[in-house]
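Listed next: structures, encoded as structure tokens.
Shared between the two complexes below is chain A, which pairs with chain B and chain C, respectively.
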Partner chain A sequence: MQSKIRFSSVRLMIVLFISACTVLMLYNVQNIENSTFANDIAGVIIGLLICLLYAVPSIIIKLRTKKDFISFAKTSTPSAVIFVSSYYAMYFAYLATGFLIRYCDLFSKSLNPDANKYVIAALLLAVCTYAAHKGICALSRVALFIFVFSIIAFLIIFGGNISNFDFSSQNFDIQIDYNAAFKAVSFFSSISFITVIFAFNSQNTNKFKKRHIILAIAAIFVLAALSLVFIYFVLSGYGRQQAYQMFILSKTSHFSFASGMDSFFLAAVTSFIFILISAVFTSVKNSAYSKGSKLVLNVFAVIVFILFVCAQRFNVIEDILTDYNILNVLNFVSAVLIPTCYMIIFRRRLSD
Partner chain B sequence: MIKKFLIGLICLLMIFLQGCKSSKQIDVASLAETVTINQTSDGLSYTFYIIDSGNAKNPVSIKANSLSDAVQKAKKSYIPNLSMSKLELLLINENAYLQVMRSDIAFVSSRYDISPLLYVSLCDDGTMKFFSKNKEGLKTIEDHIMLLKNKNDKVKTNSLSIYNSFAGDNKREFYVSYINSKNELKAEPYSIS
Partner chain C sequence: MNNSNMIKINALKKMFANSADFTVRNIELCDKANTSAAILTIEGMCSKDVVALSVINPLLLYNYKSKTPDALIDEIRLSVLSSSEIVEFNTLQEAITFSTSGFVVLMIDGAKKMLAIGAQGFSFRSVSEPESEVIQRGSREGFTEPLRINMTLIRRRIKSPDLVFETATVGYGSNTQLMLCYLQNCISKQILDEVRKRLQKCNLKMLLASGYLTEYLEDADNHSLFSGVGISERPDTVCGKLSEGRIAVLIDGTPAVILIPHLFVEEFQSIDDYSNRPFYATFIRVLKYISFLIAVFLPGLYTAFSQFHPEYFPTGLLVKTAESLAQTPLAVTLEVILITFIYEVMREAGLRIPKPLGHAVSIVGALVIGESAVSAGIISSSTLMVVATAAICSYVTSALYPQIMIMRFVFVISGGIFGLWGIVLTTCIFLINMCSKTSLGVPYMSSLAPFSFRRMRDVIFRADWKSLSKHTIKVQKFPETEEK
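After this line comes the complex of A and B, so read on.
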């Protein structure tokens, strides 16, 4: 019953912001060989525009019907929604497993190489399943505290690196390499998965305004640009050979003699991944009919765990699950194509 | 009842299956705080200075071709619980730097447990002797490196900036810290081209 409680849409935006922060923490923002700062900044700007465009269908549905996309689909096509839900379950499984793999890899590489990745994944999934059972309202309340902590963590990571800026090792070439810029756009537009989470969880939010989601997305991309500045001008070439650049940035952060803020990074990334996977699970729960949603959620968590085990055993599965180009295609289908089809077919319901 | 059982099970899993059992405890781990690299008549010698409770020096010298090789040999035969997470200084003899500096900097840069702010400095034979005998050697050398860095910000003093200088334009000259023991211990810029 918790999920029926209405809550401020700003709280949902905080959940989306934290979920998107996970990308900046777990993936390398400066990730393309031979890419320049200008290319990556172009990638951030175009990625921001793509993300805003992806949000349009779910914003229109929310503003016109006061429902989120999945509730709109349930009322519009009650008999066919099982196919739509099945597709989205696959999409969410892809999303959750991809981030779970990256997190467990980071955990074992940076903190404890002897840790059993399966146990970490199982524990995280158990906690996220519990949080998803409580609903998005309870999750958004937790997200408020994590949001405050994230601000502190980013201030520490970035603030502690100001003295490490080194502009001498960078050339300020503003030539755009289209291939590298395209890859950068592809990477930054993968953040648009947050618009799908919005499309599944905005049903019970009140006082929703367009500017809320625009500001949330803009804040993410400002943070992405800031991360790029620090990674380019603090880590430079050193960052390119690292698997987790933000982790290295937290290690180089220092205030006078106090150095190595990696514990802040690890605490932040753990709380971010918790919010992200819980929000994904809540979306899956919302896509099922309320009668069987608990069972659906538990089965979904088991499927994600099985996918995770397969990814650990077979490298090719891991590569597929962590490929942001595939995620981009799925994001387009999930955030734009299917909702737009619904909007076109049921345009009368939208105007009612 | 089922909830309590599940919570209990999760707690047990956290205790027994998190890999902490096999992790290095702080009282058992051999924390290297300095590694010195010397050129001897029979090849390169890597010396690991381990922190011990009495704050006394506890050096272990290993013949190896590179730092990576030395760490492997140390873990296998000499220091099984070696941890590099507290490494503060990599001191390279001026006679050995041409052979090892680039590859050893690349090695420390690839390790997650070693801080990118690890001090790296070249030195002469006298400084090596001073360092091996003096209990406060690490602090003295770090102070000199910091003084030099404050005076001349073009000098690359840590593994991160030296790695970037090597990775950048190869023809570009850059400066690293060099500890000279003539007359008195002093840090000065040393050109690497």
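After this line comes the complex of A and C, so read on.
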């Protein structure tokens, strides 16, 4: 029996929102050296514009054909889609491993230094593989619970820090350091990977409207700006020099006698990374033909784990996998270049 | 008696392997040919008085006009017997089915047709309040074992021609009769066809309880702790569910009626909610959800926090917990597992042993676990309190007890090994499992995920009847219900 479940596109947006929140949770000033508030805000604004721009091809395909990009590619070039899928598999492996490495780094540096990264990665991948087997619809249902939890977590992290605001320590002069601004743009525009996830999972969504994805992206960047406000105006100079500022914000959060809300941070970031990697895995599953998708997914999870092990052994591999510039180039190719090529070549199918 | 009846009776006797309860009463009818007849019954299944007064007496006293055996059968059916339930049939297999269901089987020499005459008279438990679903207000009637009485209990509440009972037989060894019950103006044809199909595919040998059938009615590829099939022993609950487009499966010999599709949120609803004032019913609903979460998460979180994140305890509680834990020889995880395990053993023992001994088990349990184990320093008082609180909370939603118990153990183990991280990851696994589950194509977590704001008035909240009665809920209209 072929099931024909269609789910609300709003739920897919929630998946994308949560996936993007992972990037914010992993905000690390060490990646953006010498950055200032003005630089970071500029990075947020430009990142938002880039992300919106990257979403255009997949939105056009979805609105014109009622299909997502990969389904469009499968019907347009059934024999050549293997090459496209192979490229995207590489891209998704890069994306998943990159965020897995960042998450494990956060875990070992901030949450539990004694934790075994390999065990964490293996278990997380196993759970994400299981989730991906269940499909994007089930994942988007879980995302509803995690979304509610994320709101609570952000309210606690931000709300508990309101009394710690200190505007006097900041210099409000707008001096753009182009090198730092470039790094900030690179960091925040990396969020545009969500447009690729959208391009691979929007086939079965119904009532999709342009404003859904625009609002989702806008909400992500508003949250990013809010996070920056708290990072720059709550944390001291010393606090800002530490790794993973959102974690430090959760540590400094307090409500009268209750302090140290890092448990919420741990729970939130773990659930966010779960959604992100599961969404990536679901995209891989969707890119394969339905017959062998389960096997493809399992093999893909093993590849991601091998990449993760290699990254832990060789610093060069880790540097490549966690480089935001490479991720941005791949994002551009995956979200814009390939879909646009398809749209130009198969423009007749697009207008049918 | 001529050959025709003898052959049939001998064949039946052979089929029953000369079983002691298979009885044959031979009589001669008052017609011109003095035709012989046989009355077959299964002892204990029929009322002897009814057989004597309503079947044998009229048969012996009537002066028959018909000349052929088949015409005699028609004459008996139309003019002689006063029983309200008479069925004509032809095969020996049907004769077995009818006689084992408490019918009297009448055979006339030389006739192809046979008659089954309703004279059921077996003893059964009377209609009483179900112990597993006790309510404060409302009907005290619960289902009982005989199928026909259960049908009556439903029919008495829904006096409408839309209420349909559809008969089926499951179990090639037990030939258990069951009834599909639904409201034809509420049911989805797709769901009904799917249930029929699944019942046809059921290859059970014996069907002795509703639990046997539930797995056959679950959706395929839905391996989950949770069940997409509901059970109720209350006719009022079943009627309420029927009006929402569900199907009830009544099984002969069991008071537990199967309800499908079944959703997660239904576990937190009870018939009492609709009798109480809305604000109180809402409070009880919220209480149930919180109790469920406490029952599932509390021991796991306690284990994780005590072992990995003690800084999360408030200082006063931390000191007391640390003092208490320092005096015990076992690690917190093992301690929690041990107490939970002993508690489960006592609970199971309390359920199975005779009632008079049950008090002894409670006393021993309370003394051994509550007093001696703590004073001997084997377990800490804080751990005992956590497990006891979780245990009490798990009874608030008693229908989910098996699931809660398993999840609690899993959370204790994952929290004990990986701390809060393990609990978060395990929660993700359970959530994805529950959210991917469907019951006859309806998402199991429907109303919560996929979320429906409109349905919240009867999920977390309980709106007043004026508001509830404006919108009729049909289970097949729930969002993301699979079209197959």
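For this structure, a couple of remarks:
By definition in this document, the second predicted complex is superposed on the first by the 342 of 352 C-alpha atoms of A that agree within 3 Å, B and C clash if a C-alpha of one lies under 4 Å from a C-alpha of the other, contacts with A are read in each partner's own complex, and residues count from 1 in each chain.
We adopt the following convention: contacts are C-beta pairs under 8 Å (C-beta built on N, C-alpha and C of every residue); 3 or more make two chains touch, one makes a residue touch a chain.
Model, not experiment: these values are computed from the prediction.
Of the two partners chain B and chain C, more residues of chain A are touched by C.
When the two structures are aligned on the shared chain, A:124 is found in touch with chain C, with no touch to chain B.
In the overlay built on the shared chain, the residue A:144 is in contact with chain C alone; chain B does not reach it. Of the two partner chains placed by superposition, chain B and chain C are both touched by A:112. In the superposition on chain A, A:260 makes contact with both chain B and chain C. Of the two partner chains, chain C is the only one touched by A:6; chain B is not. Looking at the shared chain after the overlay, A:166 reaches chain B, while chain C stays out of its contact range. Applying the stated contact rule after C-alpha superposition, one finds that A:241 touches chain B and leaves chain C untouched. In the superposed model, A:312 lies in contact with neither chain B nor chain C. In the superposition on chain A, A:252 makes contact with chain B only, not with chain C. Comparing the two interfaces of chain A, the one with chain B and the one with chain C have residues 112, 115, 120, 123, 260 in common.
Those residues of chain C whose C-beta lies close enough to touch chain A in the complex are 308-309, 311-312, 314, 418-421, 424-425, 427-429, 431-433, 435-436, 441, 443, 445, 448-451, 479-480, 482-484. Considering their complex, residues 6, 10, 13-14, 17-20, 22-23, 109-110, 112, 115-117, 154, 160-161, 163-165, 167-168 of chain B touch chain A.
Here chain A touches chain B in the complex through residues 109-110, 112-116, 119-120, 122-123, 126, 164, 166, 168-169, 235-238, 241, 247-248, 251-252, 254, 259-260, going by the rule given at the top. The part of chain A that touches chain C in the complex is made up of residues 1-8, 11, 107, 111-112, 115, 120, 123-124, 127, 130-131, 134-135, 137-139, 141-142, 144-145, 257-258, 260, 263, 266-267, 270-271, 274, 278.
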